[in-house]
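Look at the two complexes coming up: subunit A is in both, with subunit B in one and subunit C in the other.
Right, the complex of A and B next:
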């Protein structure tokens, strides 16, 4: 049972980061960033490139691990800015922005997959284990360093982002945009620069989850699809724009996935997730958090 | 014509010939309905004055030419490459047309298209492989499964709106892929591929040219069926009702005020389209003799979306033409490798960034840009349109009215420059009779002024008292008296009228 909870927590922290990225982007600039899969892979490949060079330089241990994490986030943040430059800045003040930016991000993810294929080939790229190998035994159950590390790093990162959004001037601007974009613009918040900042931050979160997920899976051109869809489902269930709702939904979905995989069948996981989300949405059409009841309409 | 006029009461009765210049031909209609075959309008050509018929709606023409080309091109060339390419074009175009029905007519932003197609394909394929059911039954099973799937995924659409629903359905394909990979019956062992699905054309015929042509024909018929369904739903009562609601920006309250159960109609269209998608999935399985996991890949979904976006969202012709373009690129330049997908992506991106609604929205967009430029240009040359605002000028049908006003204005300008004390003195000296050329021209201009508010002389007492009055221009409405001056002689009164008119000319 404890193992299920641990595995649920790991899944929740990995997918939750992506979901929060999607959620933040939607709430502040009204863009559904479906290029999140592309951003995800960008982080993975940047981290992999760094790891290749670092091995050449003879880096090991903490230097290598921290570098992989940081470069993964950096690569994804840059990819987020790139997506913003293409799908957000030119379309931002045009009519039908939401549908058009949605299609634009989808087109970017279509192109991105092929670009990765051209640059890195179809092979899976492994990342070095960031948290070392080994297990820690707590009472009756144990967890691997990787699981522990994933949970801790994800929670710390999330806490930092929330803290920054609560306490800093920039965070205040972002929250103002989430509450009312027009009002924020009226009081002098730059929609464009704040939007790009949001994209960079959600990119960084996605990059972190990319590195964490690459500990289990590999980096490949299409490795962003599965996390993207799960992230979408979670952000939808959590209520787009609500961080507490998204965290709760991530926990719920992670638990459901872990439970289904353990006691039912792995192949049923998608259906269970889908059913849960549909149920949540039927009772709360704006998700668990549901704070954007009328703001975005 | 030969009928002689007879008297009816006090007026001569003449036969009345209906004058309807637009009825220059007999309109043919579909038997049993009031629908015309082609939307023709008759007119007399304003230049040659000949009777002519104008095809108001040229779409049927383009459709038939395009579909004929789609049918004859591969049959004529008859190379395997063309058969493959055009077969794929037909099937994807059919899928895209149904997707257009969902997005455009039903107004549901659903990405569950390929998932539905896959359900039809895998369901029918599985039954065919396991129980060897014949192909008509396969198609039926596909349609039923698709409709069922459509009903299930339309349930959340009642509560969710727009992009939330798009998000929910985007993940569906990925889920289906996982499910297929992990279930052994559906070919999980062979990486999700089912082999040996029953085919419409017997497989020993498939190696011949005739078999290939027949196979292609089946794909073409599938496209025709999809287009017919699109026409039936979109042009039928349901489609018209839904589009009536869509004009008010998805205002469902407005729709219900019109008496439309928006959700119900929407769900119905969605289920019909989904059943058709399942049918197409089953057809796809029989067409290639199997199924593959490629149906559920995000990449294929995005390619389909690119086709729709490049062609123009919400239009059947856009869906078909976009499919031809994208499949043409991906199937023709196979040696480009991944770059061709990049090209498609760049095209899709460009059409989102630079056009309002893809290829078929381009015409309206260009026309609007042109009109705006025109208006700006006209605003720069105000003098050309005299009395009219320059923006108004394009809306005036009778261009000679504009020319007339321009002439009037230049005439007034010239006459105004002639006004001088000498001229006035000349008129005062001799209001009637021979005048100088300039005065004569000026008086001519004054004489042809329109009747309303025209100054005339009113005789109160002959040879004693005259006044200046202004005509009302309306029958039965008396002239108004412009001032209380009285003139003893007619010549004085003439001159007073002249002075008033000169004053008005100056002020104009």
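Right, the complex of A and C next:
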């Protein structure tokens, strides 16, 4: 049972980061970013390229690990800005921005997969283990360094982002824009530059998740598809735009996936996840976030 | 130099033309009342000054700098830049941030430039103008009553370091006593060499207490206020 909980926490950490990126992007600029999978892969490949060079220089240990994490986030943040330059800035004040940007990000996602295929080939690329190899035993069960590291790094990153959004001026601007774009414009918050900032931050979170997930799986041209799907499920279940809701949904979905994989079958996971999100949306159209926020419209 | 010099301003949304070629000059220290019935362009006029219309054409000089010009699309794209030059708008419908606290809402008015560092002092000043907000500072703005929301919205505009304040319908939807207090607060604020435009349907609320009243009728400015308020005698057309 403890193993299931640990596994659920690990999954929740990895997918929660992507889901929060999707959720933030949707709430602040109204773009459902289907290119999040492309952004995810960009971070993975950037980290892999860095690892190739770093190992060539004989770098190892903390330097290598920190670099892999940082370059993964950097690569994805840049990919996020790239997506913004194509799907957000030119379309932002046109009619039907939501539909147009949805199609644009879908196109980037499809073309992106082909670009990775051309650049890096179809082979899986492994990343060096960031948290070292080994296990710690806690009572009857144990967890690997990788699992522990994933949970800690993801939680710390998430806490930093939330703290920044709650306490800094830029964070306040972002939250203001999520709640009322007109009000934000009136107090001098530019939707365009704040939107690009959101895309970079969402990208960085996705890049971190990419590196963490690559500790278990590999980086490949299509490795972003499944995280994108799970990220979308979580952000929908959490009520797009609510950070507490998304965190709660990440926990719930992570637990559901861990339980299904442990007691039923791995191949049933997508069915169970989609069933959960459909149920949540039937009974709680605003997702879990609606339960947690005392906002009156 | 005039605070605001508008020349041949037309504006609208899509195929609809709301403002017809109007001109206006506002001098430093002036408080201008803008009266007129619903749908005659008061809100569009204030929005056009900060670029929040569907399209617009005509010169808008703010302290000698051009902030208007011809624009066919991109509603609100230039608004943040214009606002940062020193224009504060309390828009119709308040547009406050429902999930932020009253304190954060007020602080958001001081986003621009150096005002952020002096936000505490500025907030104190706003609380002197609107004492009812003091006990509500920590409360989520989405749970406020209509009058409190309006105070937050106007207070947010006053938080900025603006030299031109645009206040759209301060009394709309408020109980008479509350709107009296709100307007009284607006009229007492020391403008220095800045200026203020108050758009208001309720003429007696501002008549004789601002420096100048202009009527707005069918998208044009009239000196004759009676025409702007239609054939309804003022006493019957107001709800005080």
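Following the convention adopted for this analysis, the second predicted complex is superposed on the first by the 289 of 297 C-alpha atoms of A that agree within 3 Å, B and C clash if a C-alpha of one lies under 4 Å from a C-alpha of the other, contacts with A are read in each partner's own complex, and residues count from 1 in each chain.
Quick note on the criterion: a contact is a pair of C-beta atoms (placed from the backbone, for glycine too) under 8 Å apart; a residue touches a chain by one contact, two chains touch by 3 or more.
Just so you know, these numbers come straight off a predicted model, no measurement behind them.
Chemist: Superpose on subunit A as described above, then tell me if subunit B and subunit C fit or clash.
Modeler: In the superposition, subunit B and subunit C stay clear of each other.
Chemist: Is A:278 contacted by the first partner subunit B, the second partner subunit C, both or neither?
Modeler: Only subunit B is touched by A:278; subunit C is not.
Chemist: Taking the superposition on A as described, I'd like to know which of subunit B and subunit C A:25 touches: first, second, both or neither.
Modeler: A:25 sits against neither subunit B nor subunit C.
Chemist: For A:223, is the partner it touches subunit B (first), subunit C (second), both, or none of the two (neither)?
Modeler: After superposing on A, A:223 lies clear of both subunit B and subunit C.
Chemist: Would you sort A:98 into first (subunit B), second (subunit C), both or neither based on which partner it touches?
Modeler: In the superposed model, A:98 contacts subunit B only, not subunit C.
Chemist: Considering only C-alpha centres, what angle arises at subunit A between the directions to subunit B and subunit C, nearest 10 degrees?
Modeler: Result: 60 degrees, to the nearest ten.
Chemist: Given the touch rule stated above, what does A:172 touch, subunit B (first), subunit C (second), both, or neither?
Modeler: It touches subunit C, and subunit B stays clear.
Chemist: Once the shared chain is lined up, is A:209 touching subunit B (first), subunit C (second), both, or neither of them?
Modeler: The answer is neither, since A:209 touches no partner chain.
Chemist: Could you let me know whether more residues of subunit A are touched by subunit B or by subunit C?
Modeler: Of subunit B and subunit C, more residues of subunit A lie in contact with B.
Chemist: One more residue to check, A:188. First (subunit B), second (subunit C), both or neither?
Modeler: second
Chemist: Kindly classify A:46 by the partners it touches after superposition: subunit B alone (first), subunit C alone (second), both, or neither?
Modeler: Touch status of A:46: no partner.
Chemist: Nearest CA pair across subunit B and subunit C in the overlay: distance in Å?
Modeler: Taking the overlay as described at the top, subunit B lies 11 Å from subunit C at its nearest C-alpha.
Chemist: Considering only the defined contacts, which subunit A positions touch subunit C in the complex?
Modeler: Checking each residue of subunit A against subunit C gives 93, 169, 172-173, 175-176, 178-192, 293-297.
Chemist: Contact residues on subunit C for subunit A in the complex?
Modeler: 50, 52, 73-77, 79-81, 83-84, 89, 91, 94-100, 104, 107-109, 111-112, 116, 140, 142-143, 156-157, 160
Chemist: Considering the complex alone, what residue numbers of subunit B touch subunit A?
Modeler: Residues 109, 155-156, 159-164, 166-168, 170-172, 174-176, 178-179, 181-183, 297-299, 302-303, 305-306, 309, 313, 337-339, 341-342, 344-346, 348-349, 352-353, 356.
Chemist: List the residues on subunit A that touch subunit B in their complex, please.
Modeler: Contacts found on subunit A: 32, 34, 37, 86, 90-91, 96, 98-100, 102-104, 106-111, 113-115, 117-118, 222, 225-226, 229-230, 232-233, 235-236, 240, 265-267, 269-271, 273-274, 277-278, 281-282, 285-286.
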